[in-house]
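Next, two complexes with chain A in common: one pairs it with chain B, the other with chain C.
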Partner chain A sequence: MTNPENAVEGGHPDIPSWMLWWSRVRTQWQDLVVGYGMILPSLVVFLVFYYGPALFLLYIAFFHWNIFSNYSTFVGLHNFSVLLHQPIFWQSLLNTAYYVVLVVPVTTLLALALALGLRQAWSLKGGGVSQALVFLPHVTPVVATSIIWVWIFDPNFGLANAVLHALHLPQLGWLSSVHWALPAVMIYTVWHSVGLYTILFLAGLSTLPKQVLEAAQLDGARGWLAFRRIILPLIGPITFFVVVLATITTMQTFSQIYTLTGGPHGGAGGPAFSTTTDSLLIYQTAFLYDHFSLGSAMSLVLFILILAVTLIQKFVADRMVFYR
Partner chain B sequence: MKTWLTYGLRAIVAALMAAPIYWVFVIATGKSGDAYSIPPVWRPLFHWAPFMYVWIHTPWARYVLNSVIISASTIILVVVTSALAGYALAELKFPGNSLYFYMTLGVMMLPQQALLVPQYVVMFHLHLLNTYTGLIVPFAASTSGIFLFRQFFMKLPASYREIARLEGVGTLTYLRRVAVPLARPAVATTVLLTFISSWNQFQWPLIMTNSSGLQPIELALSHYMQAYQSHWRDLTSAALIALLPILIVFAFTQRHIVTAVAGGEVGQKE
Partner chain C sequence: MIYGLLKGFLRAFFIVVAYGAMYCHRKGLDMAAIRLQAIHKSFGSTKVLHGVDMEVRNGEFVVVVGPSGCGKSTLLRIVAGLESPTAGNLWFGDRNMTRAGAPERNIGMVFQNYALYPHMTVYDNLSFGLKAHKVSRGEMDKRVQNVASLLEIEHLLRSKPSALSGGQRQRVAVGRALVRNPYAFLMDEPLSNLDALLRDRMRVELRHLHERLRIPTVYVTHDQTEAMTMADRLVVMKDGNILQVGTPEEVYHGPQNTFVAQFLGSPPMNLLSVRRVADLRVAVDGSQDESIAVPPRILAGWPRDLTDLWLGFRPERVTLKGNGSTGLELTVGIRTIETLGSRYHVHGTWGNIEITWVTTEGTNLALGRQVQLTVPWDDVHWFERHSGQRIQEEPREAVRLESGNVV
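Showing the complex of A and B:
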């Protein structure tokens, strides 16, 4: 059997050069056909269900349309002007901002503290198990664990108020209170996600150059000083990654708000719209009340907001002198 | 002394994080009024009768079956599409290779909540609303899966592929018989991560289905939650059905999962 790959690169007296050239072309051609064949399944999924809809959103946000009737008219920016005159839209943005501004720093700092403070502890005997327990909430299904948290936040019989009572603090209405419903969701979110960021920080910390840390210790940098001057600059990139990831995720929180604030009649977002965030409002507008044009306009606003916040964070991170 | 302090601190942190999950057991397997006891009950009684009652008297078997069908199909599809694309990205040189690499990355950047409305329209026009296909196919390709396989295939010695070529073995056969079996850790990680994300699916089925026959367990739970307000023992028993598979899988594979999420070299153990 003659196989073109047997040919020695650079020419062989018995093999004419056109044959070598032909074998190379054939390999390239094969790689092209086989390569596209192999990426095709995932490419189709990405195009049809992700990139396609993303482009489509740019189009439908400027139309007045409804999926169940076959009309659609171009209305320009009309959807957006309607949106800007809805108090609930502004309320949802405010709620989201309040939620993000509290959850992201708290989660990041807590995760960093857990990773740093327990860095040595994790490596002691049994560290793997406790590390797994800290991570565990992140893999649990949101609705299933929300059930127990609704009980924990129960004003009369819940654990949260029992703890407050034990600490001689005033008891709270939690999910039934306008002021404490969103913070209750925040507590759930921190519980559910802090393990993920702790693991990411631990992974980041484990890549720090040991020589640098030891040299710093020899030079007398310990405790806070070592953290401030050596560790913090070194973990800049991973911190940035965690903050961006946490921001993008919390800006889109949906499931826990839907389930925790569901209430007796399924009216998520209450009480009195105090937990209506952007994702929840998009869901309710488009899928509960069938206002698809408004829903798509809101989606586009959210898309742009997330993009903008990410870019701003990138800009800020570049300005700070981080080790890269 | 200091060691005991770190041990203690570590134990407290771990216990606090696990406490809510522990209380699911306490309430679900306790006496019927336990959820209303002051001070709260903290010891599980392991009465499995209420758990069995909920399991038998409501169609949870159906919901679990739905979740199993959806998760299993998604896992198989993700492994296949990831292995194929990962191999193409790692081993084959073709125009568009690096473009596709960035496209795969880009999918992760798209904000999911902002895409739901146009995605719903696409699903509507493809007649995929209220179908198993509609709950599975959009998740049949995964960025992290493709990356994992790509990383693994890049580490395979180039000589393996050369030999396969000389022997006249086709690319697909080589992939199926040599490359994928060698990339077992990547397969395991992809299976685990896909299982967790697809078992925990909630919002997509909430929007894409309106018949109870298709409901996966998380969606069914949220309806149950609204119907059985504050029947805590029934609710936690139902929650336990959704939680147990995750807890069991996690108990046996936690090291693997944690390493995978941390982006570590999972395969180094082997």
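Showing the complex of A and C:
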């Protein structure tokens, strides 16, 4: 194969310049066709099943739209104003906020602690196995393990209350209690997702420059001081990534709430709407009560909220995180 | 009477105290600042150090030199407390530090890649160790300023390491090790990331710093120029063993084996494999000449069964024949001439043997020309062929004794 770029730079006297130009254009076109040809299959799937519905959602959020009728009417911001007057909408936002504010820090801190511990254990026998064990819950299907956790949270025969009993603590109603249903979901979520963030932190810790840590040791820093002043700032970027990822994921949590609090038997989001988060409310509004337009408006609100939170996090991180 | 008694007691007391102080002082002087005793280190089944004994005296600059993988960095990391030895003991003065953790040792270390804290300013880099030791704010400020002015990095205190040049980072790294007023300095190839010109300058500056502060220093390098120019004493290592310890002169002029002989010196020592064919004659493998007569004073004391030898001489000890001195005579055809400005490295062949020599006179040099060379017998080194160990000749030993340090 000829390399036209070299030929042009070389200024070969026997080949006319327009030929070189044409061969270059042809190569560029070939690259373009081959490149896009390669990504076309996944691009089509992505456009049809991802961006398509998203754009359609944007459309119906401003219309009165019904899945069973052929026409729709433009209603402007009507759907949003309806939303703002629904107490359950505000309740769901509050539930989500409660859920996110507890789950994200707990998951992040637990993952960091586990990663630090596992890093120490890596050289020991069984270090690899414990790492796999921590990651294992994350690869299990949410619905299947949620059903197991329904049993664990069973007020009469469940493991959770057995543990409380063994610790001489009062028994709880868990999923049937208005106060403890959402925390029960949180416990499940932490259990399920901490493995992923642990792996991310482990990856971040493994990139720490070894000699910098050794220099800190020689400087007399150990334990908390070394962690606070050296390790934590250096894994800032990965911490930021973990916090953003965890926030986005938990703000959209659906499967485990649906399965743990109702599942196939109906009544998800209870008791008394105490576990009705925004995703659950969107699902119920759209697919249970057929208010697709209202559900779309809610999705749009959720999207804007997630975007806002992420931007705030980025704003904070840009001032606090050190990038090597 | 009581007054007299009191005076007597006081006098006796002072004498005891004075002698005691003198004794302690002497003991302190005699005692090595750092002493390694039969240090072994293995990583899994790989043995890295095979029982290393070494000491660094007070105020001494010791350079550990050897090819990569010889265990010199591991040795340094054991002294720092970053690795623990598999067996053996490490002493700082009369304190056994073998099991002490790195934070307790008060060691200042300069790493090859500097290992500055990338997220901190130069000031914070320097003061971090002081903070860890809970030094007061004012004292910290004073000490950082002192070290910064000593190393001429005052104007950089507000910058982050990423904004500094290689040489400036090097200074900060030295400053960070220095600011805690460490018990000892350890340097792990600190100059190898600098360009040649800067390396030459920093070499002199580091040595100059040592003259001023006299902190016991262990300096690890594979660069023989650094080793020769900076060391009070040299430690040559290979494959986890110490081959020779001595001042640069001792090691250079009296290499204990062929490895040391060839490792130090550029171009390296010429080594010819020779056999003793008669009492006072040796034949050189690969040369056309019959055999060479060796002065009886050299061969006299050697055992008769010592026949297979290496004959070595330094390229700069070779002279052109005709200026009176007697010695090993060679007729060499010139193959290559390297011009270095002040001198020439000439490569040639004597029969099939490649010979390199250094000369400052370039007028007679021409490719293909045959030249007559002489190496004075006193500058010829003899080694046993199989072990590579030096065969000691009596007069040299006496010279070395005069220089004070016998190793």
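To be clear about the criterion, the second predicted complex is superposed on the first by the 297 of 324 C-alpha atoms of A that agree within 3 Å, B and C clash if a C-alpha of one lies under 4 Å from a C-alpha of the other, contacts with A are read in each partner's own complex, and residues count from 1 in each chain.
The working rule: a contact is a pair of C-beta atoms (placed from the backbone, for glycine too) under 8 Å apart; a residue touches a chain by one contact, two chains touch by 3 or more.
What you see is a predicted model; the values in this text were computed from it and never measured.
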First, second, both or neither for A:Pro53, with chain B first and chain C second: first
Which superposed partner A:Trp122 touches (first chain B, second chain C, both, neither): first
Partner chain in contact with A:Gln217 - chain B first, chain C second, else both or neither: second
Touched partner set for A:Arg229, first chain B, second chain C, both or neither: second
Partner chain in contact with A:Pro209 - chain B first, chain C second, else both or neither: second
Touched partner set for A:Gly35, first chain B, second chain C, both or neither: first
Superposed model, chain A: greater residue contact from chain B or chain C: B
Where chain A meets both chain C and chain B, residue numbers: none
In the complex, chain A residues that touch chain C: 209, 211-212, 214-222, 225, 229-230, 233-234, 236, 322, 324
Chain A - residues contacting chain B, complex: 1, 3, 5-6, 28, 31-32, 34-36, 38-39, 41-43, 45-46, 48-54, 56-57, 60, 67, 114, 117-118, 120-122, 124, 127-137, 139-152, 154, 156-157, 159, 162, 191, 194-196, 199-200, 202-203, 248, 251-252, 254-255, 258-259, 262, 264-266, 278-279, 282-283, 286-287, 292, 295-296, 299-300, 302-303, 306
Chain A contact footprint on chain B (complex, rising order): 3, 6-7, 9-11, 13-15, 17-18, 20-21, 23-24, 27, 35-40, 80-82, 84-85, 87-89, 92-97, 100, 103-104, 106-107, 110-122, 124, 126, 137-138, 140-141, 146, 162, 165-166, 168, 171, 196, 199-200, 202-203, 206-207, 217-219, 221-222, 225-226, 229-230, 232, 235-236, 238-240, 242-243, 246-247, 250, 254-255, 257-258, 261-264
Touching residues on chain C, where the partner in the complex is chain A: 80-82, 101-109, 111, 113, 115-119, 128-129, 131-133, 176, 180
